[in-house]
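Here chain A shows up in two complexes: once beside chain B, once beside chain C.
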Partner chain A sequence: MSHLEVLLLDDEPIVGKRLKPALAKVGCEVEVFQDPVLALKRIDEKDFDVVVTDISMAEVDGMQVLEHVVAKNNRTKVIMITGFAMMSLAREAMEKGAFDFIAKPFKPDDLRLIIARAAEALGKPIDFEINDNG
Partner chain B sequence: MASIIISSDSSLTAARVADTIVDKAGFSIVNRGILPEVAERYKTGEDLLSKALDSPSGFLAMSPKIRQRYMAYIQAVTLEKLLPDNVVCFGLGAHLYAKGVSHFLKVRILTQPEQLVKELHPAGPVPAHKVSKMIARHEKDRTRWSRDVYGRDETNANLYDLVISLNQIEEKEAVKIITKTAANRQFVPMTYSLNCVKEFILASQVRAKLIERFPECRVRADGENMVIHIQALKRNQKKYASLVKEVAGTVPGVKHVEVHVITDFIGQAVESSR
Partner chain C sequence: MMSQPSKANAEGPESHDSISGRHERARDFEEAKKALLARPRFSVRAQIYLGFALVFLFTIITVAGLLNSIYEVDHKVRFLETVNQYLIQIEQARRFEKNYFLYGTNLREGLDNVYAANQILEINRNQILSITGRNVYDQMLSNLKEYEALLKRIIDLEQQWGNALANTEIDHSIDVREQGQSMISFAQEMAAKERTALEKSINRARQMHIYYLLALMAIMVVNSFILARRILVRIKQYKTFAQRIASGDYTLITPMRAYRDEFTELALAVNQMVLDVEAREAVLIQSHKMRAVGTLTAGVAHELNNPINNIMITGHMFLEDYDSLDEADRKDMMQDVVNETNRAKAIIANLLDFARESGSQLAPLDVAALLTDTIALASNRLKRSRINIEFSKTEKLPRVHGDSQQLRQVFLNLILNAIDASKPGGKISVTVLPADEPHYVAIKVIDYGTGIPKHILGSIFDPFFTTKPQGKGTGLGLSMSQGIVAKHGGLIRVFSQEGQGSTFTITLPVTTFPAEIKAETHLANS
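And then the complex of A and B:
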C-alpha cells in the first residue's frame, strides 16, 4: 500500500485532531497546521501529495493557499473544506485548480473517499474502498 | 463534466440544440421522455403533467396549486435523472428548481422571432402587424407560468450562466459556445455539488409525497435530515406534524425529520368567524 503525504490546514484545532487519525488509518502521513502562514512555509519546504485546507481563515484564506500550492507544484491535489459553502465559492475553487470541494460538517469517510480519489489520480492508490458512485 | 440545463422561448429550438449537444459532445438527454415514468410513479396522467408544463396560467386554466403539485412530481424525477453528470436537460422546468448546483450550466437561448412565430402558429403565415403582439403574449404567458409555479421570472437573465440570442449567433456556433463553457473547470462536478443534488432529490421526493395533503409545504434537506414547514390550524398542529413525520420517514434515505408548523391564520380566522 502506498502512503500519501498530506498537509491538513484548519484554524479550528478540533478538525485536525479528528481528521489526522482518520486519514492515518488509510495510510496517510498527516501534518496538521492551524496557522496558514506556517502551513505555507511548510508547503514551500516540502512537496505534499495532498493539501486539505479550510477556506475561511484570518490572515491568509484557503483560496490563497490553493493558488500558492498550484503555483508551486500543480501535481499536488488540493481539497477545499468550508463551513460556508456556496456555488460561487465552489466554482472559484475549481477554476483555480482545486481537486475537490466539500462542505462542513462531513464524516471522516467522506474525506477519506476524496483522498482515495486523489491518490488514484496521483497513481498512488491507497487501501480504501471507493463504492460511492458520486 | 457539467450537466447542461437549457431554457428557451422556443421548445423546438431547445430540443434541437440539446440534440446537437448529445450528438457532438456525447451527453445523455433528459427531456419529456421521462413523463410516463413520472405519471406511473405518482399515479397520475401524463396528459396532466404535460398540461402543467405547457398550458398558460389564467382564470380558467389549471390552478397554481394543482400545477405546483404536478410540477413537484416532475421535479422529483427530473432531479434524479440529473444526478449523473454529462446530461443535457430541457423542457421540464429544471432551470427554475435546480438551483445553486455549481456543475449545472444553465443556458437561456433566445430564438429568432420568425422561428418562434412558425412554432406558435404552425398553420401558416402571420400578418406582420401581429407578429410582435403574438411574441409578447407568449412571453407574458411563460413569465406568468414561472411566477405562478416557482415565484421566479424565467426570462430573467440572472437565472442563467449563459444567455445566447440566435438573432446574432448561429445555432451551431451556440452549441460550440455551450459545450466549450461546460468544459470549463468551474463546472466540474465535486463532492459539494453532488451532495447538493442528492439533497435536492431527497427534499423533492419528500415534497412530492406531501404536496397533495399539504400544498404549502416547504421542504429542505440537510444531508439525510429533513426540515419541513407546513401550515395548519392550531387544533390540528400536533396531528399533522406527526403525520408529516410519518410520511416523510417512508422516503428511502431520510433519517431524521424536523417539522415546523406555522399557524394557518386565514383558516383560523375563517373557523373562528363561523
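And then the complex of A and C:
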C-alpha cells in the first residue's frame, strides 16, 4: 500500500505539530507548512494527493491556495479548514472545486475521516475505517 | 508566545466605578449650585428699578425746585406791583403838595392819597414783611406817618392863618418836600433791588431747566450703559460657554461675580444641561462601542476557534497516544494546552474589557499596550480583509493620563476606518512615538487606501457625517473620538491625499507633569 501524500497548511503551528503524527499513523505522508507562500511553492514542485488548508490566513488565504491547486492539477483533493459559522465561504469553496471542508474546532478523527474518503475517491484507501456513509 | 492583556482581570468593579463617576459629577454639580446660590442677589430687574427710581427721585427734586422758583417769581412780581401802587399814591400826594405850594390849591386831597398809600401798606403787610423784613416795613410806615403829620400840620396852620402864608410855612414846606422825596427814593430803591432779584430768579429757573435736562440725560446714559454692559457681557460669556460645551469641554459653570442674578438661574440650567448631555453622550459612546463590538464578535469568535482547536487536537492526541508518549512529549502537550487556554482567555478578556460599560476613570496608561490590545481586537477583521497591520513603538514612552476604555475606543475607530478605506491585501501602520511638542506622545494610524477628497476633509469630524452605506457607518466614530481626545487634553489631526491614503495623528499629554495638567484644567474652570 503506497503512502497518501498530504500537504497540511495552517498558520497555527500546533495544528501541524500534532496532526502530522496523527495522520502518519493512518498511513499518510505529511508535509506541514505555516507559510502559504512556501506551501504554494512546494505545490508547484510536487503533486500531492491531498491538500489540507486553513481558509483564513494573513497574506494568502485558503481560497487562493484552492484556486492554485485546482488550476495546476484537478486530481488533487483539497480539504478546507474553515472557522465556525463560515458556511458561505465553505459553499464558495465547494463551488470552486474543494473536495470537502471541516470546521474548527475538530477532532483528529474528523479530519482522518475526510482524508480517508478523499483517499478512497482517489483509489488509494488509507488505514482508517469509514464507519458511517455520511 | 501568548500576550497577556494589559489588564489582568477583566471583571473589575466596573458597575461600582461607573456609579461613582456619575456620583462625582452630581456632587460637582451640587457644589457649583451651592456656590452659585451662596452670593447675595442683585438682579437685573432690581438694577432697572433702581435706575428708574433714581430718575424719578431726581425729577421730583427738580420739579420742587422749579415750583419754588415760580412761586418766588410770582411773589416778587406781586410785591413790585404793590410798591408801584404805593409809589403812585405817594407821587399823587406830592403833586397836590406841589400844587398847593405853587398855586395854593387844596392840600386835603393829597392827604387822601397818603391814606390810600397807608392802606396799601396795611393790606399787603404780610407780603411786604416777607420780602423786606420788619425794619424796612416799619420805616416805610413811620415815614408815611411823618409825611401825614407834616401835611396835617400845614393844613392846620392854614386854617388858623387863613390863606396868608407865614414864614413858618416855608420851613414846613421844605420839610414836607424832603420827606416826600426820601419816601419815593426809598421805595424806588427797594423796587429796583427787587427787580434785579426777580431777574435773577427768572434766570435761575431758566438755567435749572437746562441743567435738569443735561443731568437727566447723564443719569440715563450712565444707567443704560451699566445695564447694557452687564447684560451684554453675560450674553457674550454664555456664547463662549456654548462654544466650549459644543467642543466637548464639560466643565461646569462656577461663580464669577460677587452677586447672583437672573443669569445665575441660566447658569444652573446650563449646568444641568451639561450633566444631561454628558450622560447622553456616555450612552451614545457606549452604543457606538457596542456596535463596534458587534462587528468584531464574529471575528473574535473565529479567533477563539484557533486556540480551542489547538486544545482539542492536542487533547485527543494526548489520550490516543498516552501510552506511547514519553514524559517530555506529555509535558510539551500539556504546556501547549495551558498556553492555548491562556490565549483563549486573553482573547475573551480583551473583548469583554473593551465592551464593558464603565464610568470615566483616569489612570496612567501605557499607550503601546493599549494599541497592542486594540490591534488584537481587530486582528480577525484585518485577517479577513487580508490587511497587514504594522505596529511600531518607541521604547520607554512616558505614560498618558487617561481613560483606557475610551482611548481604546478611539484607536479602534481609527483602525476600523483605515480597514474600511483599504483594499484587500493593503497595509496599515500604527506607530506610537514622542510628539513634536514636548510632554506629548503621538499615535499615528496610517493607511494607504482611498484617501479623503479635499471637499469632505472639513466635515469628517462632524457628527453623523459618513460616506459609508446606510447600516454600515453611523458617522459618529470620528466626532466621538475627537470629543474623547479633547477631554484628554489632546488633539486629533488628519492628513490625507485622495488615492494615496490617510494619516490620523493623535497627540496626548503625558503624565510626567500632573501638576501642570491640573493647573491647566483649573484655568479652564475659572
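Some observations on this one:
The rule is simple: the second predicted complex is superposed on the first by the 132 of 134 C-alpha atoms of A that agree within 3 Å, B and C clash if a C-alpha of one lies under 4 Å from a C-alpha of the other, contacts with A are read in each partner's own complex, and residues count from 1 in each chain.
The working rule: a contact is a pair of C-beta atoms (placed from the backbone, for glycine too) under 8 Å apart; a residue touches a chain by one contact, two chains touch by 3 or more.
None of the values given here were measured: they were computed from a predicted structure.
After superposition on chain A, the partners chain B and chain C are seen to fit next to each other with no clash.
In the superposition on chain A, contact of A:P125 is made with neither chain B nor chain C.
Residue contacts after overlaying the shared chain place A:I102 against chain B, while chain C stays out of touching range. Contacts of A:M57 after superposition: chain C is touched, whereas chain B is not reached. Of the two partner chains, chain C is the only one touched by A:E12; chain B is not. Judged by the touch definition given at the top, the superposed model places A:M87 against chain B, while chain C stays out of reach. Once the two complexes are overlaid on the shared chain, A:G27 sits clear of chain B and of chain C alike.
Across the superposed structures, the minimum distance from chain B to chain C, using CA atoms, reads 12 Å. Touching of chain A by both chain B and chain C, each in its own complex, is seen for residues 85-86.
Against chain A, the residues of chain C that register as touching in their complex are 298, 301-302, 305-306, 308-314, 316-317, 320-321, 333, 336, 340, 380, 383-384, 386, 388.
Interface residues of chain A facing chain B in the complex, by the touch rule stated above, are 85-87, 90-92, 94-95, 97-98, 100-103, 110, 113-114, 134.
If you check the complex, the residues on chain A that touch chain C are 12, 14-15, 18-19, 21-22, 56-59, 61, 83-86, 104-109.
Note for the complex: chain B touches chain A at residues 83, 100-102, 184-195, 198.
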